[in-house]
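Down below are the structures I want you to see.
In what follows, subunit A forms one complex with subunit B and a second complex with subunit C.
This part shows the complex of A and B:
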């Protein structure tokens, strides 16, 4: 007998999927640590957005390659900018990219997946499956780089590129779930009383895929941050602002001189957020897994 | 059983011996891994870029010139060791006869000089170089089919040459101002005196080539140049170019005194070893093109690859025991020779005067405000920081556009235009009604690259210091330098940031960058137009060097500074290391590469440096 079943038997109170998931998540120590770290990063990002700190990220506040000190916690770069301020400012960039891409990719994937699943076997399903097949057949970074390059001067080019490629996984999962749901009694009932298909999809079916969308959003968030760093490193990402990818690319000017502060700061900050988010995403995935929660 | 075993052993032995026997057979091709340079005296040179074309009419950069100056002949060349640079005769047989009005030049070329053997000639044997070859080669600069880039040297200068181009560039037709009077005599007639004419005949653009090669190779001529220089190009791609000794190169023993040798400053290079010998001294020169500093550095210090490379600024502290005078640390002095010198050129950032937000404006009041804005940006610019960040603090910052290596440079020019003054800049902006709300957007164009982006960030930080809002300073990336250059020519950007290497050691070569008629798409990318400046330029352009001309040049420099033409300038200090067994004194300035035919390489472990000098520079 596994722990989940034992819990269910021990507590006879009937629980919704959500309350069970929250209870399960609350018992996942690694997931909570991950969440705490992510929240700490979020606070850092909020402070940047509100103009509370990292306001001098673009200014020159020290000498070239100043060492770590009380004034410059991570030292300075080749032109004397404070690496700590730039690292913190980049946190806001990571959250901005991660959130925008995760939400929009999940929304697009959810809607298209639900449509494909509900109209399975029809031309709508065929068209959406074809689009997913085409996008999935292309090497990810090559496609993202091509879209980002084609929209070169647009500050949202990187976001568009990532959303255009990230929605397919969500869409496949939602399609599968909707195919399962469309045969269930509540959908049959809605159909019987004449509820239009769009209302059935968006009011009755799609809310039942929220657990998938939530997990996919957390995964897309992490993927978006990693892709942003790589694209920025290649010169196809952030324009005008600052990001960990740009800091890592800056560090290529500094290796020969034996200076690694930029590289270490950007890598550690990125590692911390990505690792913490992965821990949280794993815990969330476990908590929202209907097979385990409803058992 | 025993017999069988012996048979097997015999068979096995035979099989084992077979490949050994085969390897000994001279008729079998050598393994692919065999060193192609084995037994040859090879010099490995590195450059940070590869040339796009080796057609001399497209020799717009030092990378192409490094190869062309060694494969083709020019009428004149720069002396190997004389500094300041001095011209010498090369393919020309002596100095020209110049008419009294300085409009007609009669130049004789050496007899018996042969082109390199090539398939374009009957039986593959190079024929004699004639005056007609020079005439043909120069005319190609005025044939649009060749996409020439050096025509501006002679545009409007040689009688009938522009008209010849306008009439369709028909090589069968003569140009009255550019004639081969006989097999060995050239006549050039000018529209007005041109004191720098002989310098232009030392450029790669005027390299002498045979018509047969152009006709045989067509567009491929750009990767298969044929000339009469000391080396012959045998292979070329974006990674390397290989040049082999031209066995028919004329015998001209080196006269060190004539070449400008100064034992006090140049003896350490070991060039005395080549006195009295005829170049070239190596069998093969290999140019390795590597844009990455770290790759070049690793290749140089590994010891078995390139023998010469520029020192990345980040490495200066590691290799130098002292910067002034420059001296290597003992561990480097043991293995390398060092040369440190100011470039014959400069980097500068000038405003685009065609942009009404920063440059000329029909409303005099706004024009005055624009000038104040330009002057304020100049005051914001931090030259010492620029120097420290990107040039190891070794570059020389100077006011104006007359570079320090020219005789016309004035060390007493006031330095206020290159001195950072943030309060002064803010005051100037406020006095002229500029504030964060009405300051125009500042779009900084650069080619893709981390260093370029960081240079933008540095400039943005300085503009923030004088009150520019961060979001108004925008970086615009171009995929290649060619795209960026096109944007400058098409007046898309308010600031032009570029470097200029002197074609010849005369301040005219940098002042022409601001001569009105040279506006875009010409060399005056700033589209600067000042009638007084233009009048002085035209007056000086026909004058021979002397105090009077120098005074005019300096006055022109003052005009540019008073008009706040831009942030200018900085001459980079070049620092090079090369292996001790290489005999030579590297110099990539002016035409670039003119010294490589004098390079010699000693066996590994030997040093070109005279033993009595020790290891100190």
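This part shows the complex of A and C:
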């Protein structure tokens, strides 16, 4: 305790939530390693997007079920495609799904949660709460399947379904935070000088919930990648591309022959990204927890 | 009497939720869902035959009429016959729901008990190596896909590449031994996947309670750990724990079983519901989604009543 006080006295510059969070994050070794691994995956994904590598993921470049070799790092699959290239290509798919779903779900949840919280008790709040309740009461996989059919095999149907269900958690948290914030002086001051409600919400209140949005985005990113794998297996996920889920679903055809390279490659690549992201998300959550900033 | 009035009021408050879920699912699954007309017709149908089939399936009636008809079915619990097999929907549900429950319940109960046990251990040794080990394993468990767990366990326990102890697919429950043999691997997979998330959640709740003054006082007075955990901690954590357990129930009855049932070839309600979506079997879909919504509202109600039972501060008025 004395050390904290001494620390505070020695450093008279006021510390914001953000600079404190960055300092805390910089001291969290597990979190930093997680971030580094995630960035390495991101580089792999960028390379795929730029067409630098994994360009032959759909080509038959070897014989069926070729073993691990210098040419085929993880061997080949049932028709002789290179598993390593397919795994790396799938990294880009994972980032695409994760980022699109995380950003849009957090944006939707943030805006609707802020509206509900600011107008708490009004019909707007009731309506948004009702929508959240309805979406939470629907079984997730049935909803995704239904959206996939309603959108007539549109490649974005999986993203739409995930965004439609993932925003509710963010929205509930933001709503709770905004209910707290709307009673504070700066909101009162904004109202007193005649700032219209929409400006108050988007300029003054929503920026104060960024820490919630950021943490929720990391959680949604992980959830989206995990959901993609299951949905692709069920035939409701990625269409016209390659993903870890499709690789795993393809690998089920190879079990009887005793070939597990496809399953192991997809599983390990996916586990690496999700585990690293979970470590980073934990560190971020600790760093951004306002309750812990002073401690 | 108070309790009955409370229950009725809560159920009434749940009505908009049921209307919302049924409207959304109806629009998505029934109105935009797959069209079964041509699957049921023979080759080269005449326009009259097409019109007749569409009339039979109800496709020619307006949206509102069909939705109201759905609500009537939900209230009377009479969903007609399946489009695909002609079997009565209620008979399908009566056959499949018990299978899903028998499949999911053991894993659900054991998983939660184990998670609470691990969370208590981690909380008790907070900051020590048991805590770090348990929480480290929890993050690893959270990072492995359910699908990978299922396949890994299937290969490991059910094939000659591993131990080859249990059947890979199928369902038999004539006697206890057969039943246990068939649920063993699905149960292990379900528990493994749920354990990471549950343990972390329960630990967070327990640690928050551990920090409170009354726990410190009880400790200072030398309360033995078992008693401390039960009386001073678990009882006070009951509300978040109950909430979490209760809210998983609707999804384990319908949704959570889907993946397990598909991969292990078990004829439960999740598999039936999934097949109904893919084939556009509207009567089955309507029943499953409508009943899930009902179950959700009933769960909300029971949760509220349980709050009252464990925490005298919660009023039912």
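The working rule: the second predicted complex is superposed on the first by the 278 of 295 C-alpha atoms of A that agree within 3 Å, B and C clash if a C-alpha of one lies under 4 Å from a C-alpha of the other, contacts with A are read in each partner's own complex, and residues count from 1 in each chain.
One rule holds in what follows: a residue touches a chain if its C-beta (ideal position, glycine included) is under 8 Å from a C-beta of that chain, and two chains touch if they have at least 3 such contacts.
For clarity, every value in this text was computed on a predicted model and none was experimentally measured.
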Clash or fit (per the criteria above) of subunit B with subunit C on subunit A: fit
Touched partner set for A:49, first subunit B, second subunit C, both or neither: neither
First (subunit B), second (subunit C), both or neither touched by A:131: second
Touching partner for A:18 - first (subunit B), second (subunit C), both, neither: neither
Touching partner for A:186 - first (subunit B), second (subunit C), both, neither: neither
First (subunit B), second (subunit C), both or neither touched by A:81: first
Which superposed partner A:153 touches (first subunit B, second subunit C, both, neither): first
More subunit A residues in contact [subunit B versus subunit C]: C
Touched partner set for A:240, first subunit B, second subunit C, both or neither: first
Subunit B versus subunit C as contact partner of A:255, first or second or both or neither: both
Vertex subunit A; arms to subunit B and subunit C (CA centroids, nearest 10 degrees): 60
Lowest C-alpha to C-alpha distance for subunit C against subunit B (Å): 5
Intersection of subunit A interface sets (partners subunit B, subunit C): 235, 252, 255, 258
Residue ranges of subunit B touching subunit A (in the complex, touch as defined): 293-294, 297, 312, 314-315, 317-318, 385, 388-389, 448-451, 453-454, 457-458, 460-462, 464-465, 470-471, 474-477
Subunit C-touching residues of subunit A, taken from the complex the two chains share: 130-131, 133-143, 145-147, 149-150, 222, 226, 229-230, 233-235, 245, 248, 251-252, 255, 258, 260, 263, 267, 270-271, 274-275, 278-279, 282
Complex interface listing, subunit A residues touching subunit B: 58-60, 64, 77-81, 152-153, 235, 239-240, 246, 249-250, 252-258
Interface residues, subunit C side, partner subunit A - complex: 16-17, 20-21, 24-25, 27-29, 32-34, 139-140, 142-148, 151-152, 155, 159, 161, 250-251, 254-255, 258-259, 262, 273-274, 277-278, 280, 288-289, 292-293, 296-297
